[in-house]
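Both complexes shown next keep chain A, but they swap its partner, so chain B is in the first and chain C is in the second.
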Partner chain A sequence: MWAAVTGKTMRYDAFSKCHPAVNFLFFVGAIGMSVVIQHPAYLLAGIITGAIYYLLLNGKKGWKTILGLLPMFMILTVINPLFNTLGATPLFHFGSRPYTLEALFYGAALASMFVIMMLWFGCYNKVLTSDKFTCLFGNLIPSISLLLVMVFRIVPNFIRKTQQIIGARKSIGKGISENATTKEKLQDGGTVLGSLTSWALEGSVVTGDSMRARGYGAAKRSSFMMYRMTGTDWILLAVMLVLIGATIVAACLGQFAATFVPAIQLAPVSWGLAAYTCYLLIPTALHIKETIQWHISRSKI
Partner chain B sequence: MKKSNIATLIVFFLLIPVTLFFGSKLPGRGYYITGTAIIIELMIPFFMAFEGRRPQARELVVIAVMCAIAIAGRAAIPIPNFKAIFAIIMLSGIAFGPEAGFMVGAISAFASNFFYGQGAYTPWQMMAYGAGGMLAGFCFAKGRLPQKPLVMAVFGFLATILWVGPLLDCSHIFLMVSVINWDSIIAAFVSGFPVNLSQGICTVLVMLLFARPLLDKLDRIKGKYGMMEGENGL
Partner chain C sequence: MAHFQIKDLSFSYPTAKGRKSLDGINLSIEKGEYIVLCGKSGSGKTTLLRQLKSVLAPHGKKTGEILFNGTPIEKVESRDQSAKIGYVMQNPDDQIVTDKVWHELAFGLESLGCDQKTMRARVAEMACYFGIQDWFNRDVANLSGGQKQLLNLASIMAMQPEVLILDEPTSQLDPIAASDFLNTVRKINIELGTTVIITEHRLEDIFPYADRAIVMDGGKVIADDIPRNIGKLLYEQKNDMFAAMPTPVRVFYGAEGSGDCPLTVREGRTWLSKTYPEPTISTLPAEELDDEIEKPALSLKELWFRYEKDSPDVLRGVSAEVPTGTLYAIVGGNGAGKSTTLKAVCGICKPYRGKVKVFGKPVDKYKSSELFGGCLAMLPQDPKSLFVKKTVREDLTEMTKDEKRIAEIAAVCEIESLLGSHPYDLSGGEQQRAALAKVLLTSPKLLLLDEPTKGIDSFFKEKLADILCKLKEQGITIVMVSHDVEFCAKYADMVSMFFDGQMLTTDTPRRFFGNNSFYTTAANRMSRHVFSMAVTAEDVVELYGQNMGAEV
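Our next item is the complex of A and B:
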């Protein structure tokens, strides 16, 4: 259904259209909490919500990454008891060291944390693109943001120029032949790299002088903002703060407490789980709301 | 006192102790948050110092170009864990001084992760790459070490396997290892060693083959445009 709405190449995502500050804060909260919470119920909530949003962002290709995380999960789980020998029920002995059930469960919890982190970072990479980052921090670190913007421009420029250099060398008969030796290939690579560096650095000095001549550094720079905090953004921010506040209160009340070694002790599941899950479902909920709205407005036509 | 010095003092005597105090109370993998927060706090003085002295346009653009070359060094070789990025960061440090080396390292780590994917390891990578560039800049400044290919190759190899590589392995320890004790720390460093070794070999090859031509080009540019004459190097 979503594929039909969003088309094949560009996936529409409502959360990505929000203000970068909202996106950034959401991921700080989601990833930050995923590292601290080790109660199995909350871990499960984190994995499911993270996987859903990851799949919404990546479509069918997302399955590949998620399945790729499985072996990672297994390995991290199995390794833990080798280093952590505490626990009441030994399964077998590995040399003189016991391999305990509790440590195995603890390993599974730690591996889940890792998986959740990977999933949310996967989503972060899709949502918080480089332009959003520089927009967010442009005022705080102006020189470094400018540096980043320039790097992002230069990299594709380099690729183009490298191809031009190789083409130019070929047309004057200096290119490498199909069956060149490794030494010839390296020498050729060195020459291309050298001329690319010269060209890029000379260009950079000219650019720098030109920037200075046009008044760079003469006064405080203002920056162009693509994004503006809308009503929806403020509401989202408020909802996020309330939910994260509730989660922290729940954590302070000990609802997330979980010890695995030497004996497994879990706090009973309570309202904290609802707050945490709702927080993590914010992007998914936005996505679904937008899709439903689109369908309704389209059916009216 | 300069702003950046005040920032350094605040970071060392206020931010890091506070982070350690609250970090020790976090459950679960809280030590990852603590470690990463401290790494980010350690980078603040560097970035503040850079922002604080309002770098000239020329300097910004040259650093941007070196970052782009470093990123190309990560992308150009299609063999995993065999990347020219370390060598190019170190060469930037050698050519333009420790501060430029740090900036090139940190920024190229951060910027290249926009192509490769940001992760929990990003701050560690920025710190490790930056530290590599800074160390190279420091060791080769004022003719402390001769800029000969062999010297640079040995330096690059040692710096990669003993300095940048282990710093990167630390992120692995905080992120993946379940119990932090000497056994698991040594295991993490040992399992990271082959990766560091292959990076080190790549650094040696790049230093031996391309360091001199690249430095010649950089020196020529510096001479031609009268850079490296001011206080700040550029």
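Our next item is the complex of A and C:
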């Protein structure tokens, strides 16, 4: 939802144009499964598909985030064996505690789960903007969803006003000087915060008036729906449900089983991986399909 | 049946100790009328407007009656009131509730519990009528002030109100956005027959088109007539409100003209050319501009600045020299970079190229305590950003402990009676003066003002001008950024045009506005075919008088 807060514009993306329910279900599936699956093959599939879609959404800037995740991955991987000393193959001893290969692999698996989650959450933020979120849950809990929407508006407003106050104070010589003590800095921060509060209070009175003037509380609220389920949405939903179902069946059959400590034991890779990968590739496939269609239709002109 | 019938309405706030904010008001407003309500700040305009919608009516003692379509307003159901009486307020930002344009448009309809089909149709309809389609999916935060206010209007019109009440809707907008907004309101009135009741400082754009103008003073209605008669009445009564009349009206009565009073620039031109087809004296002396400025108070050399690394440049080689002891005005369109220039002088923005010199010394060579303590200070666009305490006095004490100095400055800014009030309880003009007092306590030699006339009425504008003149006499140099061409023409010593990130031309106001034909004052537009170099109503009146003398 940060995308809505910072007001950044979206790149073109086919999946983002689908109904929010489809978007939401996809991310529930993708993130939900990534939390439980520890099998390296599936983790690899998760990382690759997540990274591709993240790059499609963010363009070149996406590389920065992905590369930024790399050190996180390393740290999480090497830390695990420090706490988890189980495992058959000690690499070296850390004082009296063994540092084992199995625990290291286990750490890598946990770190991969973390990276996958970060990637999908990153995509989620881009795709499921605040208005889509409220559209989904607006009818269930109207007052809370309105509250959320108002908060989205307030945060950037506050940031802007704070900068304005600090600038205004600086231009009458009340800014923080170069050699201010921590106490002075705190005091100044307090003053700015106080001013911001009265400003916000005054603004909220106007907002309240404006809401009541437009009938807030005069009748039972309804919610305006920007999105409608189209044929494509229904098809996508069906495909997603089939693939999720298949993946769950595969999980029940033990295809995802993976233990790292004390010894590494992995279930053989089977059709479950195909179902899982296909599921995660849905947004990317949609993106590619629309791009190709666009080029074909253009070349016909 | 009248749309609104106000019978003997009086109102006093609980804290006013019996002083009436509204005093025996009797008004009748017909369906489809376009009514301008004018009066000084604090004359009771807003109080009256708020009485017309129960949820907004302030608490206090009320006597008399308001009938809406023949029913007492309290008895009209709140659902009906919400839908039928639309109310647009002053601040474009705070009125907006949600974060998306489309959601804001639908907000009122959601509140009334409309079904999807109706909402879709209405929202689409409104977006088209108001030309919002292009920014329909945008975040509200990315809109300009004018767009925000238009959105507020559209989201109210989506509920299809019978009456539209607007309380100084354009006071926070620049002139172009303001006249766009007012044209839309007029279009609504003409095309849809919606009754419009509006208060405004900027009467130039709406006065000629109103069916009726109502003037309030001290909580009473002192005039209620067609606009053409109002000017005469105010002139004869020597009312302060006369200063707010459109330029043609002020020129006409100022020159004691005869015949029908002109209301628009076009009518004014016709009237002038009928009286003086070939005037004997047709120009006023215009001061020459000195090319060489000795010891400028502020000099800017080739400033370049952009907000973000890959955003376009806002300042693209700004150069200017401001002579000591003058009032220097910078005019120009919205977003041209005028305010950014002032920020660059104060060091809030750091130009990546170019030099700012204050009194001959580069600004980065000053220590910040030295620069802002007795040398340079800026009054920001929103005076509220300077208030941090509970009373005006405490706010001033934050700057200096010297009681005598505070009293002195308070007298200059005429805020002695306001010292005990909370800064947020003051009107726009009062806030502006209180903030100015706070700025002046740093005893600056160079004072920067960012849109000082924004949102204040003509009466306060004159007060502000008096204060600025006093400061100039004390040798303070003032640099002002403004949209208000009338104010600049009347009071500035030099005017610069800011366009496309640069300072394009600089001249004395008469030569500057006298040579422009679009970006100029109403007085100049009205008189340029017979007089040259007449840029204020006073100039035109003077030339008129001189010609009168020459003929005799």
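Convention: the second predicted complex is superposed on the first by the 234 of 301 C-alpha atoms of A that agree within 3 Å, B and C clash if a C-alpha of one lies under 4 Å from a C-alpha of the other, contacts with A are read in each partner's own complex, and residues count from 1 in each chain.
As a working rule, a residue touches a chain if its C-beta (ideal position, glycine included) is under 8 Å from a C-beta of that chain, and two chains touch if they have at least 3 such contacts.
If you're wondering where the values come from, they're calculated on a predicted model, not measured in any experiment.
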{"item": "Contacts of A:S198 with chain B and chain C, given as first, second, both or neither", "value": "both"}
{"item": "First (chain B), second (chain C), both or neither touched by A:Q293", "value": "neither"}
{"item": "Chain B versus chain C as contact partner of A:K170, first or second or both or neither", "value": "second"}
{"item": "Which superposed partner A:F114 touches (first chain B, second chain C, both, neither)", "value": "first"}
{"item": "Which of chain B and chain C A:F256 touches, first, second, both or neither", "value": "first"}
{"item": "First (chain B), second (chain C), both or neither touched by A:T207", "value": "both"}
{"item": "Partner chain in contact with A:M225 - chain B first, chain C second, else both or neither", "value": "second"}
{"item": "Chain B and chain C contact sites that coincide on chain A, given as residue numbers", "value": "130, 146, 150, 152, 157, 194, 198, 202-204, 207, 209, 211-212, 216-217"}
{"item": "Chain B - residues contacting chain A, complex", "value": "26-30, 32-33, 47, 50-51, 54-65, 67-69, 71-72, 103, 107-108, 110-111, 114-115, 117-120, 175-179, 181, 183-184, 187, 209-210, 213-214, 217-218, 220-221, 224-225, 227"}
{"item": "Residue ranges of chain A touching chain B (in the complex, touch as defined)", "value": "31-32, 35-38, 76, 79-80, 83-84, 106-107, 110, 113-114, 117-118, 121-122, 124-125, 129-130, 133, 141-144, 146-148, 150-152, 154-155, 157-159, 186, 190, 193-194, 196-198, 200-205, 207-209, 211-212, 216-217, 256-257"}
{"item": "For the chain A and chain C complex, residues of the former touching the latter", "value": "4, 7, 130-131, 134, 146, 149-150, 152-153, 156-157, 161, 164-165, 167-175, 177-178, 191-192, 194-195, 198-199, 202-204, 206-207, 209-226"}
{"item": "Interfacial residue positions of chain C with respect to chain A in the complex", "value": "53, 55-56, 78-79, 81-83, 86-87, 89, 91, 93-100, 102-103, 106-116, 119-120, 123, 139-142, 152, 155-156, 159, 343, 346-348, 368-369, 371-373, 376-378, 380, 382, 384-388, 398-399, 424, 438-439, 442, 448"}
